[in-house]
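Think of it as A, B, C and D in the order they're written, each chain with its own count starting at 1.
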Amino acid sequence: MGGKVSCTLGEVKNRADFVLYWGGNPAECHPRHFTKYALMPKGRFVPRGRKDRTMVLVDIRETKSVKAADIFLQIRPGKDFEALSILRALVKGQHVDEKQVAETGLTLEQLTDLVDRMKRAKFGVMFFGMGLSMTRGKHMNSASILTLAAELNAYTKFVAMPMRGHGNVTGADVVMRWTTGYPFGVNFSRGYPRYNPGEFSTVDLLVRGDVDAALILGADPGATMPQPAIDHLARIPTVVLDPKVTHTSRLARVHITTAVTGISAPGTGYRMDEIPLPLRPALRSPYPTDEDVVRRIHQAVAEKPDWMAAGGQTTTTQI
Amino acid sequence: MSAIRLTLKEQPGVPLETEVLSPDALADLAHDEIRSLPVQLGKRRRRLDDFFEIEGERSDEIEVHGDLSLLKWIGRGMSRGRLTIHGNVGMHLGAYMTGGSIEVHGDAGDWVGAEMGDGLISVHGNAGGQIGAAYRGSPTGMRGGTIVIDGSTGLEVGMRMKKGTIVIGDTAKDFAGLQMKGGNIVLLAGAELRTGAWMIRGTIISLKPIAMLPTFRLARSYNPEFLRLYARFLSGLGITLPCAADEGRYDLYSGDVSVPGKGEIFVWQPAEAAASR
Amino acid sequence: MSLTIVDNATCAFCGCVCDDIEVHADEHKIVAAKRACILGKAWFLNHTTDKHYPDALVDGRETTVDEAVQVAADLLDRADMPLVYGMSNITCEAQREAVALAERLGGVADSHTSL
Amino acid sequence: MLRIVGGQVYDPAHGIDGVVQDVCIQDGRIVENVDAAPTIDASGMIVFPGGVDVHTHVAGGSINFARAMTPEDHRRTTAFIRSQTNRAGVGGMTPTTFATGYLYAGMGWTTVNEAAVPILSAKHTHEELRDIPIVDKSCCVLLANNEILLDLLEAGEMERAREVVAWQIWASKAYGVKAVNPGGVAAWKYGKNAEQLSEPVDGYHKVTPAKIVAGLAQIVDDLGLPHPLHLHCNNLGVPGNLTTTLETMQNLDGRRAHMAHLQYHAYGGDDWSTMRSEAPQLADYMNAHRNFTTDAGAVLFGDTVTITADGPWQHLLYKLTGRKWGNLDVENETGCGIVPYTYRPTNLVNAVQWAVGLELLLLIDDPWRVFLTTDHPNGACFWRYPEIIQLLMCRDFRRDCMAGQSDKALSRIHLPDIDREYTLYEIATITSAGPARALGLPRKGHLGVGADADVVIYDQDDDVARMFGHPRYVIKGGEIVIEDGDIRATPEGRGLLVRPPHDEQIEAFLRPLFEDYYTMSFDNYSVEMERIQQPEICDCIDTE
C-alpha cells in the first residue's frame, strides 16, 4: 500500500547525490533550501557539494529555480499523476508505450533517463511542492511521489518529502497527531476525536455551511479561500486572533491583536522535516501571545456550564 | 407490520448524525422509544422527535420524508429490512451495511455504502464521491453487495473495493476504481480522468469511451463470455449491458502497470465505431 | 541606543525554519537579520513594537482584550459546531492550547494542511 | 494521607509475599504510620507496587509518525471522551498521549521508560511526554549509530567518547543510553545493514558492531548511569539470530547490559520456513550470567504496528508484508521504520514468536532479571499485558491457546513442555520490583518506607486477565487516580533524568563538527530544562 519514506534535511545535505524538485520553486519560495540544506552545501559523503549532486526540476513552467537545475523537465499542466504513474511502471521494468507518454509533454527517453539516474543514485531525494499537491489529483499526486520513493528502495536509497510552506504548519500536524491521533481536520463533536478529510476539512465545512461559529488564528482565510467559504465566515460569528487586522478580521465579530510568532512570541516551531526548533524573539510585544489569548478564551468557556452530557469516559463504538 | 414513517419537521442548522435511522435500531422499538432515540446535532445530544414527525413502530421497513441533505449515517451498519428515502440524503448513507436495502428518491452525499459488506443501495439522483470506498487508511472498501446510482458521482468511486458491484448511470469524476482489488464497477456514461488508477484486480466496464491512463495497455478486443453472464445479473437491476457480437465489441485494457496490477477495464465499442476505426 | 543581538534566532516565515539567523534589534524594531534569505529578512524587518492596531475589536468597536475574550467565549460556546482553524503562524504551544479549546468546545480543529 | 487496610500485600523488594498488612501514605510517599487518615478497605484485595515498564515506545517522532499512518485503527478502538477530569483521545495500537497515560494508569502501571529518543528530536519526545498524564517518565537516548561517536570509536578516542556521551545524555534530557542495531542503522542510510558483529560497519575500517556495544557499555558503566546500556542487538527478527545475540552477550565480557525484547533475538533455523525457538539456550545463558537483565518483548496474536529505529529490518518487513511503510532517517544519529503488522496464530513464524516470548519469561529462572514487556507496540499493545499475565499464571490456559496450532508449529517451540506457573509474588517482581531495580529507581517498585506511593489494588478474581485489566484502585504519588475503571484524577507525572558530569571543554570539540554535519544550530540542539515536567535528576552510581 505504498508508504512514506523520509529523512531529516541533514541526511540530504550529507548524502544526497540526486535531488529532484517537483512542482515547487524553491529559488523564490524557500530560498535557503538550495544553499543551506539540499543542493549547495558540502556534506559528509558529498564533499564537493553541488558538484557531487545531480539536480532535476519538474514543473509546468520555467521558474527562477531552473537556473539551479542540471535537468529541467517541463511537464504539461495537470499531467503530474500520469507522469508519476509512468515512472513507477518504468522503475519496475514495465513497458510503457511511447505514444501514451506524449500526453505528459515529456518523452519516453526523458523519463527512461530519469529512472536510470534515480536507480544509479546512491541516495536520492524528491521534494514536492504545491504545484504537485494542490493541482488536479491533489492527495493522490502526493501519494504517487511518496510511493515512487518507497518503491525505489528496492534498488537504492530513496526518500521524498513535501516542501511545506506557511511557517509552522508542520507543527500543527505534529501537535494534532499526538493529542488526537490525526494530523488535521479533527472533529470533537462526540467528545472524542474523529477524522475524515473532505468531511471535516475547513474549505468543505465552510462551503457547505456546516459550521456555525469560527475561531481563526495564524491564518487569513478571508484573503485566500474560495468566495463561498469567505461568505460563510462572514455569515457566522467569527473570532480572529492575529498580529494584524486581516481580511478575515474585517468580516469577523471579534478581533484580538496578538504578538508575532518568533518575533515577539516565544515557543517552538517545526521545520518541514519535523525537527523542533526553539523560537527566540528579539522584540517585546505590546500584545499578548496567541497561546495566552487562547488559554484565556478556554478559561472563560470552562466557566460556563459543560454542554457534554455526563456519561462514560470511554466508548468502544465510535461513529 | 406496517412501515415506520418519519417526516422531517425541522431542518437542522448544522449536520445531524442519525445512525439510529436504521431497521436494526428501530425494528424492535415501541413508538415512544423511537421518539426518544438520541441524535447528534453538532456537539448537542438531541432526540429523534426534535426533528421528525414519527408514525408507526416495531417494523424493519422505514420510510423517511424530507430534505435530509444534512443528515449523516442513515442506515449505518444495517443488516436487514428496507429503508426508503423520499428526498435528498447526506453523507455516509448505508456505510458498513451488511444486508437489507436502501432506496433514495433524490440525491445522496459522499461515502454511500462505504466499506459495506452486503445489501443493496439504489439512488435515483446523483451522489457524491467515495461510493463504496474504504475510509482513510483502511485497506479494503466495499466487500460485497450492490450500489446503483442513476445519476453522476464524485471522486474515487469504489476506492479499494474488493467485491460487489457499483453501477453509475451518469459520469463519474476522477479516480473511479482507485486501488481497486476486486469486484465490478459499471460506468454507463463513462468517467472523467484516471479511471482505474493503481488498480490491482477487479473489473471496470464503461459503455462510453474514457480517457485511459498511460499505464493501461490495450490487450485485446472481443466479446467476453463472462460479460454475458454478468449482463444477466445486471438485467435483474434493470440495467442493460450490450454484449451481442453484432452490436459491437469490448476493448480490454489491463493495468495499472505502475503497481503492477492485473485490473481490467472493458470499454464498449459499438459496431459502427468498431468498423470505422 | 544599544542593540540586542539574538544569535541563532529562528525564522518562522517558511517551512525551512532556519535557526541560524543573527538578529539585531533595538528596543523598537529589528534592524538586521544576518544570514536570512530575502523573504526572511523582509519578514524580520517588517516588525516593530509599535501599536499599529487596537488591542481588540468587537463588532468594529475598539475594546479591551478581556472583553473581547468574554465575547469570543460566548460566541464559540453557544455554537453547535464551531471551527478552530489556521494554526500555521503560531507556536506549537499555542497549537496545543487551540486543540484543547476545540476539544472543550466540541468543535473541529483544522490547519492549512487540509487545503 | 491515606491508609490502605487489610489487603494482601505483595512487595518482593522486601520479601513480602501476600502478607495482610496496612500500607500508609503521606505526602506522596509510603510512611511507617499515619494518624486519622482516610482509609481504603482492601480486605480480600491484593496490593501491588505500581507497575514499571522498562521498555516501551509512547512518545516522539516515531510513534507520532505511526499515528498518522493508522487512522483505520483509531476509528475502531476504544476512544476517550472528554470529561471534567480527562482529555479526549484514542487508544489502540498507537494511543494518543493523554490516552497513553489513562491506559497505563488504568491497569496499574505508574512508571514508563520510553526506549528510543534521537537527540535531534528529543524536544519533540519531551513535549509528548509532558502530555502523558499520571505516570512518571524516563527515556533512553539512541547512540549506537551516532556518527560523531562512531568516528571517535574509529579513532580509538574512548575518553573523549565518554565525555561526548555524557554531554549527549544531558543535551537530550535522557535517563539512559540505548543502542539499536549497532552500526546497522548508520549503514542503512545507504540502504545497507550490519549483520556480522566483527565486520567493520559500512564506511568505517575499524568500528564493528561488537566494538560499539562494548564501547558504549563501558562508557555507561564509567559514567555510573543507574540503568545499564539498553541494548537492541543486531539482526532483530531474523531466523538464526541466536548466534548474534549470544556473541553480543559474550562480547560484553561481564559488563552490565539490559537486553531489550529478547524474544526477537532468540531464533534458530536458516530461513523463515525453518525458523524455530532457541529460547532455552538463551535462557540458559541468561541464567548463568548475572550481569544481564532483559525484557520479554512478548508477542500476542492480533493487529499492531511495528516501530523501531531498526530501519533495515522495517524495509524487509515491508517487502514481506506488502503493507504500508514509513521510514524517517535522522541525520547523523539514527532512523526509524514503521510497518503495520498482524500476528496470526496460523502463521508459523508468528506462532514461534508468540511462544518464544513466553518461553523466555518461563525459562529464565530469576524474575528479578526478566521483565514483562511487549516492546509496545511491536509485539502487542501495552494495554494487553493482563493477557500475558494470564498466560504466565495459568498453564492450562496456555495449553488451550496452543490447541489449535499445527504439529509443525508445535515442533518448533518448547512451550508445551513447560509446566511453570507464575505466582502473584513473581508477577509483582516482573512487572514492578524487577524493572524498577533494573532502571535504578530506588523509590519505585516497592512499598517500603520512603518509596513513592504508587500502589495498585486489585479485587481477587479467578479470571486473571480481568483482575489485572481492571484494578479496583490505582494510587499515584499518594493520590487515587483510578477507581473502579473511572479516571478520578490526572496529576502530572515526573520527568526522570540523569546528569553525568562532563568536561565543559567538550562543547568546543563538538561545535565545529556539529556545524559541518548538522543542519540546525548547535545552540538550539539541547533540550531546555523548561520542557521537562516536574524534573527529577537521579543520582549516578558507583558501578565498581
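Here is the rule we use: a residue touches a chain if its C-beta (ideal position, glycine included) is under 8 Å from a C-beta of that chain, and two chains touch if they have at least 3 such contacts.
Since the structure is predicted, the reported quantities are computational estimates derived from the model, not experimental observations.
Engineer: Tell me, which chains sit next to both subunit B and subunit C?
Structural biologist: A, D
Engineer: Sort the chain pairs by how many C-beta pairs are in contact and tell me the top one.
Structural biologist: A-C
Engineer: Using CA atoms only, can you tell me which chain is the most central one in this structure?
Structural biologist: Smallest offset from the overall C-alpha mean is found for A.
Engineer: Which integer distance in Å separates the CA centroid of subunit C from that of subunit D?
Structural biologist: From the centre of subunit C to the centre of subunit D is 39 Å.
Engineer: On a C-alpha centroid basis, what's the spacing between subunit A and subunit B, in Å?
Structural biologist: Centres of subunit A and subunit B (C-alpha means) sit 32 Å apart.
Engineer: When the centre of a chain is set as the mean of its C-alpha atoms, what distance in Å lies between subunit A and subunit C?
Structural biologist: Measuring from centre to centre gives 19 Å for this pair.
Engineer: Residues of subunit B touching 2+ other chains?
Structural biologist: Where subunit B meets two or more other chains at a single residue, that happens at 13-15, 42-44, 135-136, 139.
Engineer: Give me the residues of subunit C that touch two or more other chains.
Structural biologist: 8, 10, 19-20, 79-81, 92, 96, 100, 103-107, in rising order.
Engineer: At which residue positions does subunit A touch at least two other chains?
Structural biologist: Those would be 1, 36-37, 173-174, 179-180, 183, 188-191, 193, 195, 197, 210-212, 268, 270-271, 275-278, 307-308.
Engineer: Chains as vertices, touching pairs as edges: which of line, ring, star, complete or other describes this one?
Structural biologist: Topology of the interface graph: complete, with all chain pairs in contact.
Engineer: Touching subunit B in the complex: which residues of subunit D?
Structural biologist: Going through subunit D, the ones touching subunit B are 69-73, 75, 323.
Engineer: What does subunit D use to touch subunit A in their complex?
Structural biologist: Subunit D residues touching subunit A: 59, 61, 64-65, 67-69, 71, 74-90, 92, 94-98, 102, 120-121, 123-124, 127-128, 131, 147, 189-191, 203, 315, 318-319, 322-332, 335, 486-487, 516-520, 524, 528.
Engineer: Within the complex, which stretch of subunit C touches subunit D?
Structural biologist: My answer: residues 7-8, 10, 19-20, 92, 96, 100, 103-104.
Engineer: Taking the complex as given, what residues does subunit B use to touch subunit C?
Structural biologist: Touching subunit C from subunit B are residues 13-15, 41-44.
Engineer: Any idea which subunit C residues touch subunit B in the complex?
Structural biologist: For this pair, the touching residues of subunit C are 79-81, 105-107.
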